[in-house]
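Note that the chains are named A, B, C and D in the order they appear, and that numbering of residues resets to 1 at the start of each chain.
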Amino acid sequence: MSADQARTGPDIGRLLVTCPDRPGIVAAVSRFLYEAGANIVESQQYSTNPFGGTFFLLVEFHLPGLAERVADLADGFGTLAESFGMTWKLTRAADRKKIAIFVSRADHALRELLWRASTGELYCDIRMVVSNHPDAAPVAAAWNVPFHHVPVTPDTKKQAEAQQLKLLGGEMDLVVLARYMQILSADFLDAVGCPVVNIHHGFLPAFVGANPYGEAAERGVKLIGATAHYVTQELDAGPIIEQDIVRVDHRCSVADLQRMGRDVERSVLARAVAWHLDDRVIVHENRTIVFT
Amino acid sequence: MSADQARTGPDIGRLLVTCPDRPGIVAAVSRFLYEAGANIVESQQYSTNPFGGTFFLLVEFHLPGLAERVADLADGFGTLAESFGMTWKLTRAADRKKIAIFVSRADHALRELLWRASTGELYCDIRMVVSNHPDAAPVAAAWNVPFHHVPVTPDTKKQAEAQQLKLLGGEMDLVVLARYMQILSADFLDAVGCPVVNIHHGFLPAFVGANPYGEAAERGVKLIGATAHYVTQELDAGPIIEQDIVRVDHRCSVADLQRMGRDVERSVLARAVAWHLDDRVIVHENRTIVFT
Amino acid sequence: MSADQARTGPDIGRLLVTCPDRPGIVAAVSRFLYEAGANIVESQQYSTNPFGGTFFLLVEFHLPGLAERVADLADGFGTLAESFGMTWKLTRAADRKKIAIFVSRADHALRELLWRASTGELYCDIRMVVSNHPDAAPVAAAWNVPFHHVPVTPDTKKQAEAQQLKLLGGEMDLVVLARYMQILSADFLDAVGCPVVNIHHGFLPAFVGANPYGEAAERGVKLIGATAHYVTQELDAGPIIEQDIVRVDHRCSVADLQRMGRDVERSVLARAVAWHLDDRVIVHENRTIVFT
Amino acid sequence: MSADQARTGPDIGRLLVTCPDRPGIVAAVSRFLYEAGANIVESQQYSTNPFGGTFFLLVEFHLPGLAERVADLADGFGTLAESFGMTWKLTRAADRKKIAIFVSRADHALRELLWRASTGELYCDIRMVVSNHPDAAPVAAAWNVPFHHVPVTPDTKKQAEAQQLKLLGGEMDLVVLARYMQILSADFLDAVGCPVVNIHHGFLPAFVGANPYGEAAERGVKLIGATAHYVTQELDAGPIIEQDIVRVDHRCSVADLQRMGRDVERSVLARAVAWHLDDRVIVHENRTIVFT
């Protein structure tokens, strides 16, 4: 499932909740929404353990005049949230998230995101494409997205990251690494101010690092994969959002694996980004709850 | 997901609801359960259209002393249900459903069900195996399940079905056709008094009828499938619960397709039966809502 | 597997053979190639029945100076071929096939083909895009491929097809219908002079015709598919080259199915076109042998 | 593809060849077989590099009276093989390989192998089941296969392995570890005298060792897998024959993963064993060439 017209209408709101599990949470939340005049159009929940675990809830609701009422609604919900010890987020589906895409030379994942954004499947504003190479400039241009070439060398990495942060301007809701082959520093991640999603061209936790296809060929695996995950300071170790694989065999060269891997990389990344944009991903203890 | 120990405990109840969609359903149901002392451990819902469509709800809850309280709970819920125009069902997870398995010569689907019942993955009592051939008798015997050989010929079909109904005794919760190669008459389906699930050895709606693998080979398809569905009077046209496929190629003979199809038949049927046993399937207008 | 650099080098030849099966075919063909100085780099074969069936063979070989020697090689092979009653084809891998892509409004399959051609994965020259709508013109322009808008109405279909044939000029090696929503007439197919590959947005033979997603939603299937096939005069009944599916559920609207189906349509079509371009598909009795 | 009646007939032979690649190998082998009166019914080949790499060939042929002629045929082929520097093997398809199955408590993989052997899909003689626990005894008994309980403790491992080797008697063609939870010593592997295939309950090279499902849950992967591989002295590092995966999500407990993993473990192991029994697997530099 992903964004379609009905689900991004002006009156559609989303409530994402994390709190200690206990009886009465759903009753309280649904009563609150009902009394506010909202109609629940979708609801998903999960508990790590109904007796003393952590409870997660996604509610999508329809409330006429939501744009004008969302601030009041949030105020009201804050009181309820406090009594349950909730971490929570209230969003309007119609608010497009602002995203920046980082890419190196391979452009397949970038193309996929631009195209899916154009069809509305990815409901967002792609504000810029940032690359350490000039190659993808025409791709961005074809979709009228600003392109920024920020070269990175071991010596200039610090300055390059400063320039990238300046371009982002602290205004992005999401940065997507669409086959960006530089490792972001801890300082960058501290400063960026929004989640960063990466597509790793391997089936994590196997094949961490820069050469997963070479290692897969060397090991003789019969499946190769791709992993979309949130970026943390530990390389390729952040919370996994989505993974998928493609079948290979002994005849596949590393070049074949790279080519075949492109297809699964782009689709895995597109799904992960769609779920994030639609507020369907919650991170908990380095794992994700994904309400698909 | 399927039955595990936690989900079949003595205090786990399940509420399945179908009703016209309108605001306040979840609020009312969750409040009812909360006030009854129940803790919701899982909830899934679906609406064909939040504005005037049909609403479906599955709630799994924990209520101490459920066995003693379930009758009262149902009484109380009946009043609420009436005000919303609900069709509903309240079950205890610990109540094993009684099932009968019909089979002809091929025993792979039967073996799968018997084995999965033994591991607890299918939470049920397999009361009998009924077959128009004697071949599967040793398989049933190995699992200590009564086996009834009821031969069927065009001339004796009416009497055979009468004998089958007598064996079932109106006491089954589900009849599973695990590659039973006879068509059940409308009279039988009227009289059987419980749902009947069939595994069809083809990807419906393609390849209706008795020879799907032959037709698949003739057509030169690149995938073959299997379909688990509720049986209705129209052949192979009942609500589909689950489907899956396996990749084939030009080298596959009809015998190869039959062999390869066995694997997908047995797994598709096992999933469908598990979902039915766990009260996760609702039929609506010849389609299924499956809360997996 | 698909075209990579090694397999499209100037000295790589391909021999595709169909003949009555009998002992000695492989011995004769491999001896012929060996004596001609060729090194077999790949070989695949299939027989419908080793005793009296039909035999199919693909041999890929390396022969220095192939460009100059291919005519002589073909002459020599002709004699051998006659003695075995072979239907055969000898091609140079380096000869790019000329293709025309027909498309209507949806451009996802067109984009996929253009992109994969640009990466070399589809080894061909895309000579033109022909459409009954103007929508895809910018997509073709972005890849510098000529775009021809040929409107089609029931009244003008005959003239439109004449215009299309004139554009093709009898010079194409393949026409690809990449979601072209018009049915080509028998006269067109007679006149076009090359194979035509279509992507059907359904899992054939289920859901023949123009509305497969609507019918899939109505029937409540749990998988939707796409089918790439050669076009024959019988609608959606030509030899199937490739099929694949994607899992769906009760929540999917027809619009969801269309969106989800796009992904499998484009990948299935791309695989089928790649195999055709690489001479890996043989048609036999309305089925395909595909040497992947 | 796997063994069916036609492919295990008394006159079907198989030739497996590994040698340095150079022109003329296929010509020489196919001429040899033709002159011996054999009809090639299937042939597959692979080269790591047509110019100086290693060449692999599988030929399946029909030769009337093969049983009486196989020794002479091998003699004759030996001369040819020597001139090409071939490592080779000539087998009769009708010769059932003798196998021993090692298992611990979980019996799903054992059941699968026993059942598939009974249908002929695994063409072999299962001579014994060996276990460090008594649990699987009734399963073996139901299929009339001798069961040997050989307890293993850290202190008695040496003696236990000696007992196992004595039971095998140096007469097995294959040992299958069908969820045998003991690590075989280097001494055992040296002495066993036949290949050993293991099913690992994880997607190698991720999750090496005894607790892959626990680690998978901890890491929050979205797919779990199973890997069938030849056993070498390095734990879980031998040549991979087959792998497959199943999709999981945040709701899955370790117990769920274990249950879901069973299905993919048994099917992956069954495919790998079938390919080995049908002489379709060649090991080269710790990787496998699998002619499926």
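Basically, a residue touches a chain if its C-beta (ideal position, glycine included) is under 8 Å from a C-beta of that chain, and two chains touch if they have at least 3 such contacts.
Just so we're clear, the structure is a prediction, and the values are computed from it rather than from any experiment.
Trainee: What chains do subunit A and subunit D have as common neighbours?
Mentor: B, C
Trainee: Please identify the chain with the largest separation between its CA centroid and the CA centroid of subunit C.
Mentor: It is B whose centre lies farthest from that of subunit C.
Trainee: For subunit B and subunit D, let me know how many angstrom lie between their CA-based centres, rounded off.
Mentor: Computed value for the inter-centroid distance: 37 Å.
Trainee: From the C-alpha centre of subunit B to that of subunit C, how far is it in Å?
Mentor: 42
Trainee: Could you list the positions in subunit A whose residues touch two or more of the other chains?
Mentor: If we look for residues of subunit A contacting two or more partner chains, we find 251.
Trainee: Show me the residue ranges of subunit C that touch subunit B in the complex, using the header's touch definition.
Mentor: Residues 46, 203-207, 219-223, 225, 239-245, 249-251, 286-290, 292 of subunit C touch subunit B in their complex.
Trainee: Could you pull out which subunit C residues touch subunit A in their complex?
Mentor: 1-2, 4, 108, 111, 115, 119, 121, 142, 251-253, 255-256, 259, 263, 267
Trainee: Using the touch definition up top, name the residues of subunit D that touch subunit C in the complex.
Mentor: Subunit D reaches subunit C through residues 22-27, 30-31, 33-34, 37-45, 47, 50-51, 62.
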